[in-house]
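Working notes, structure below.
Labels run A, B, C, D, E and F following the written order; every chain starts at residue 1.
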Amino acid sequence: MNSSILSVMWTLICAFLVIFMQAGFAMMETGFTRAKNAGHTMAMTMMVFVIAVLGYWSIGYGLQTGSPGFFLSGAASDASIIMLFLSQVVYLNIAATIPTGAMAERWTFKSFVVYGFFMAMFVYPLYARWVWGGGWLAQLGARFGLGHGVVDFAGSSIVHMVGGVAGLAGAIVLGPRMGKYRANGTPTAIPGHHIPMAVAGCLILFFGWFGFNAGPAMADGGTALGIIVVNTMLAGAAAAASALCYVWFVYGKPDLSLIANGLLGGLVAISASCAFVSPAGAMMIGLVAGVLCCASVFFVERKLKVDDPVGAVSVHGVCGAWGMVALGLFSDGAYGDGLNNVSGTVRGLFYGGGPQFLAQIIGVIVNVVLVFIVMYAFFKILDRIIPLRVSEEVEFEGLDQSEVAVTAYPDFSITKTRR
Amino acid sequence: MIKIEAIIKPFKLDEVKDALVGIGIHGMTVTPETKGFGRQKGHVEIFHGAEIDISFVQKVKVELVVCEEMLEKALAVIQEKTRSGKIGDGKIFVTRLADVVRLRTGEHGNAAI
Amino acid sequence: MIKIEAIIKPFKLDEVKDALVGIGIHGMTVTPETKGFGRQKGHVEIFHGAEIDISFVQKVKVELVVCEEMLEKALAVIQEKTRSGKIGDGKIFVTRLADVVRLRTGEHGNAAI
Amino acid sequence: MIKIEAIIKPFKLDEVKDALVGIGIHGMTVTPETKGFGRQKGHVEIFHGAEIDISFVQKVKVELVVCEEMLEKALAVIQEKTRSGKIGDGKIFVTRLADVVRLRTGEHGNAAI
Amino acid sequence: MNSSILSVMWTLICAFLVIFMQAGFAMMETGFTRAKNAGHTMAMTMMVFVIAVLGYWSIGYGLQTGSPGFFLSGAASDASIIMLFLSQVVYLNIAATIPTGAMAERWTFKSFVVYGFFMAMFVYPLYARWVWGGGWLAQLGARFGLGHGVVDFAGSSIVHMVGGVAGLAGAIVLGPRMGKYRANGTPTAIPGHHIPMAVAGCLILFFGWFGFNAGPAMADGGTALGIIVVNTMLAGAAAAASALCYVWFVYGKPDLSLIANGLLGGLVAISASCAFVSPAGAMMIGLVAGVLCCASVFFVERKLKVDDPVGAVSVHGVCGAWGMVALGLFSDGAYGDGLNNVSGTVRGLFYGGGPQFLAQIIGVIVNVVLVFIVMYAFFKILDRIIPLRVSEEVEFEGLDQSEVAVTAYPDFSITKTRR
Amino acid sequence: MNSSILSVMWTLICAFLVIFMQAGFAMMETGFTRAKNAGHTMAMTMMVFVIAVLGYWSIGYGLQTGSPGFFLSGAASDASIIMLFLSQVVYLNIAATIPTGAMAERWTFKSFVVYGFFMAMFVYPLYARWVWGGGWLAQLGARFGLGHGVVDFAGSSIVHMVGGVAGLAGAIVLGPRMGKYRANGTPTAIPGHHIPMAVAGCLILFFGWFGFNAGPAMADGGTALGIIVVNTMLAGAAAAASALCYVWFVYGKPDLSLIANGLLGGLVAISASCAFVSPAGAMMIGLVAGVLCCASVFFVERKLKVDDPVGAVSVHGVCGAWGMVALGLFSDGAYGDGLNNVSGTVRGLFYGGGPQFLAQIIGVIVNVVLVFIVMYAFFKILDRIIPLRVSEEVEFEGLDQSEVAVTAYPDFSITKTRR
């Protein structure tokens, strides 16, 4: 028993925590959607894990790593393959879950299943390979002198932006839920049906996020463990606080649903840079993320007219992008020596690291463009084969019975008058 | 036999009930999940940064069947307990019934009230 | 004074309400948690591998009290908005009231509607 | 056209419904979330070490509209199925209707029942 | 600080995760039963832990190990006793919880309390001693050449079958809930009242299961840690997927409640063999478990006419048995050297290990026969002393007020018309 | 990688578990309050973490430790500061959460925010410094021969009593919820709206408590790890069991809400002494705590006429005090050598340690007096500036819309008739 088993243990514990985030997403998304679709939203958030595991095991992992190949064949004998598979599949799973929030309450279960496999087999592996697998984005540093190349410690872009941008593409293709926009084009709110469940889900996510961010920390012996955890905590808290102030300022009351979004936005934003910035830096990143997240929710809903029931695009996409950029601004040079084969630590713009900033911007642009185009095309094509959207009647009645054969709350009276 | 149907504010229910019991009303049926609008027109709530029009206000429907003689007294009591003078106080509808049956005994008419 | 009680499909409620307001109806009471059956007979759902008979279909009850003159107009509007010609469209019951009281003012009769 | 409104114990609903269907009743409307008190006066529950008075007992309201001829039969069936002789069995209110409309067809009166 | 403290830490962490499964069971079972009994189901799933701890501490542990004796006396000075107690009591607790699902919605709280002590003091300790304590089933290998004797890595039989078979006995003695079977004997569904809670419970169970299966992994230094976790994940996912396909095929829709059962069935099945099989083997075990679980739900309900509200008999009993058998089929000889004092690794039938297969079959049969007879007799006798079943009126009104003095949802209107 | 990283890992894992307790508190408190205030209660329990982190980071930590100072400046370079901050902030957070239960359903969000900062910046740091920071209470041993001075292993007083006593002060200043007391002064019950959520919350708390109590265990290499966990488990179980028996005896039925309180009371009580007592001692401590907790609920409600919706004063305040005293009774001399610079192990009255008992009594008295006076004064003054209590109308309508701009259950019909 030695340091390697310690590293295995830590990776496993963190992986477990990330798996537990699945329960957090399930509760958060379901709580923020309507009672008549609660079973359907739960079903998606549960099955996406199943699908992601199968898709990644069969094809995705092989594509991403290029090694032994598919179905983890021959892996049993090689513990490092097993551990890499584990640590990646839990991230992928989060990425694949995110669009279920943006596309909730109107998505056919059949097409969702196809989506899940596509994401796990192709989309996540591609971008993850480019950044974490030593691909061309990672090599921007060693080859073109752009700092350490695109750096993303725990997945602001690889996990969250992939999910958020895919969700945006999906929500655009699906169109808004019926009744979301008034005849004059202004949005109405469609309130989530179970706020306590949603908030409890957020708290579970907060808990799991420590595993999410601290998971990769043992690669170099865990020297940054403490700072990663403190930064995660501070950024989340700062973002919730700034979201609170922002909404209190904008309409005179703290809006719990936006604060919850803000909190998660802060956690998304700090994921990329949690090992590279100081506590004060984390605080700044969080403060910006909280406001940005709320403003983005308004923008997506009012200007883009995209209906994203849980705010996934803003939380994961926009704050993920901010997190990538923030790494290029706030990295203070305390960590990252030798990363991506570039000697020296990671420094952002504010610490004299202009090239790193550039690398991050490139990473963000590539992610947005790539994922959006691929997913938009995918959804458009899929829609021809298996319609993405349920019928109007099913949408009014709720997707539960017709899509997943349950009634979420059969003993309670549910109001469905809202269109 | 008269049925009095009063649509009132939920938080007046306990008071109204106690007052009616006080004047000798022996039975009452309540439908708590009632919504309505009158001159009071609903309101706007906020969720996730967008507005939502709540067009129906939560009310409670109280039904009581009384004999002819109690009608005035019951109406008076309900009015007294619910009247704030602000819109939304509610409304009473009075209907004449053809019959009442007490299931326990099979009694009909006034005896069954 | 007439009470119109309409049992309709829940998703028609908003439309019916808007149409009624459009012809000058000033008040309405809704009981959202209503179930019923008529020619439409319920249906079968599945849970955990077994069937369950849902014998009552979700409906919504709309009650509006109008003066004699509005009756025809109101009935026409409700019919227009709810009629799909398929079973389950719903039903209207019309009752004559003995009195109406507006609690806020104490007005009686037609003035209180 | 007669409206029968029966306030009964929730667990009698299925039986009453089946029996009414058995005698040829084609429609029924139920308001499950109804509470009331009559001679049966509510009860005391406990939570976290303190008592709470539950003043209203859970009931269910069944409304059925029948033609004059069915009235007696329907009343008899309901009584038969609900009578236990204990307080809380419930009550029936009978009202005469002015009209009935079937929304699907636009039929009026007895034809619409 | 050395390898032993590492092993202690891992055992504790896994034990914590198993304890957390209690919340998963509580939510899953309560969500799958009716609103009027929600407090009662919650009360059972909470108190069973309390009772199990007290019963095992006082008598059970002493009986199982035969060592120092009762009430953990003298244990404080001996860390190994403490650790064995801990790792066992959390398993026992799961075993004791399972029947609360099969017997939900009609069981008197008083008799439940007695049951809990009986299970913790006698039933679990007995079978656990035979398999994990070096008892006769474990010795079938060393003494009679049946492979390594009965092998059960993390409790498919010791925990799940014990619970599932006990639940079957209990559900038979109790009889079906009123209204469950129509006059003509066909079953009707009695839908669970809070599907999101149930699914969230399943996700918590999935999370906790990693602790459940990986808990015993440090015994040999943790060499199999990674493969255990991957196998657990794959089997769960495969089972959910096969259950999905099966129900979609059988009645044209994915039935979320059965898929959730299937998922758990896969986790139950892999528990016995998670360290012994390859990922591909785990996948096969899961695929079979998912279908088997659903088919068993149909069989128990339609043919046996046993009313098991949450499917506990199928998930834990049937899939537990399958897991034991599967170990005897799929063990690939990569692990288990020296287990139960038999040299060489564990091999199943498909890898030339016929005798191991036989041992597993014997283990299953002994478990079913023993537990069923003991528990059936116990419940029958107990019923004479403290009636197991609540009165008809209480059953209609719901068990909450009369059995545990709460109303689960006093601010909501609950439908109780269903018999 | 060495023993220090192991200690860091353990501290982090335990800190994560304590953070997760936040979800447990949120669900427990929300479940035990009314549907119309569910969003508000959730909002408080979520935001209190945010506020506590910011307040402690900015001022509190500096005050408590007296070291580098505020805003964790210069901390990034010093892992031990980071780790101390982390392990303290999660405790503080629990302390700050507790009053949200006692003051639920009537507290304005604005004044709550101010309270949160006050607690995190001044109150917790003060008392924690006196006991854990080597302050005068800790020195009672070395200086005045009172055993090891005031000893509190995992926070029965520092965390729970601080929270419970602050909650008492707050609940007194706020006054009872409208309708809580009848005209004749007798209390009525105001039932919690979602018992399953509350119980699930308790189970989460139980899970998290293992991290809470075992967190400080690595200070001396983890020798007491096993016993800490077993003691925690036994005390919780014993308390739930004794609460069950007590309420069953008092009014003929097990009252689930009081049993849940009792369970938590046992966990609170064992926190101080979990490393110092034997399993049998833990059992005794739990048994007393369960009864004490219920009796205290009755006393607070009926005699003090203080309205504490979730029983926080009894669970955390009273059982916390009992836990401190119990340490002075049951410590068996197996642990604590050198603690607070006093050689020899910790012994309670029953093991010949009279002076230790005295020290514990002093600790309790100082805590009660200090915290009560400070918090009472604080709330009284704050009330003048920002009224603590919402208007009557808001209280009737529920605090959700007016205080935190959500409706917890918009698709369900909620009864609000109760005053």
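One rule holds for everything that comes next: a residue touches a chain if its C-beta (ideal position, glycine included) is under 8 Å from a C-beta of that chain, and two chains touch if they have at least 3 such contacts.
Source: prediction; values computed, not measured.
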Fill in: Both-way neighbours, i.e. chains that touch subunit D and touch subunit A
B, C, E, F
Worksheet entry | Chains in simultaneous contact with subunit B and subunit F | A, D
Item to complete: Tell me, please, which of D-E, C-E or D-F gives a repeat of the B-F interface, judged by over half of the contact pairs matching in residue number.
Response: D-E
Worksheet item: How would the subunit C/subunit D interface be labelled, same or different, where same requires over half of its residue numbers to be shared?
Response: different
Item to complete: Compute the distance, rounded to whole Å, between the mean C-alpha positions of subunit E and subunit F.
Response: 34
Practice prompt. Would you kindly tell me how far, in whole Å, the mean C-alpha position of subunit C lies from that of subunit B?
Written response: 18
Practice prompt. Would you mind pulling out the distance in Å between where the CA atoms of subunit A average out and where those of subunit B do?
Written response: 51
Fill in: subunit E residues counted as touching two or more neighbouring chains
6, 9, 13, 191-192, 194, 247, 251, 253, 255, 257, 405-407, 409-410, 412-413, 415-416
Worksheet entry | Touching two or more other chains - residues of subunit D | 14, 31-33, 45-47, 95-96
Worksheet item: Where do chains touch, given as pairs?
Response: A-B, A-C, A-E, A-F, B-C, B-D, B-F, C-D, C-E, D-E, D-F, E-F
Worksheet item: Which residues of subunit B touch subunit A in the complex?
Response: 33, 45-53
Discussion item. Per the contact definition, I'd like the list of subunit C residues that touch subunit D in the complex.
Written reply: 2, 6-8, 31, 33-39, 55-56, 59, 61, 75, 78-79, 82-96
Worksheet entry | Complex contacts: residues of subunit D adjacent to subunit C | 1, 3, 14, 17, 26-33, 65, 95-106, 112
Worksheet, complete the sentence: As the complex stands, subunit C meets subunit A at residues 10-11, 13-14, 32-33, 45-47, 58, 60
Worksheet item: Where on subunit F is subunit A touching in the complex?
Response: 1-2, 5-6, 8-9, 12-13, 15-16, 19-20, 22-23, 26-27, 30, 38-39, 41-43, 46-47, 49-51, 53-54, 57, 71-73, 75-77, 79, 82-83, 85-86, 89, 109, 194, 197, 400, 402-413
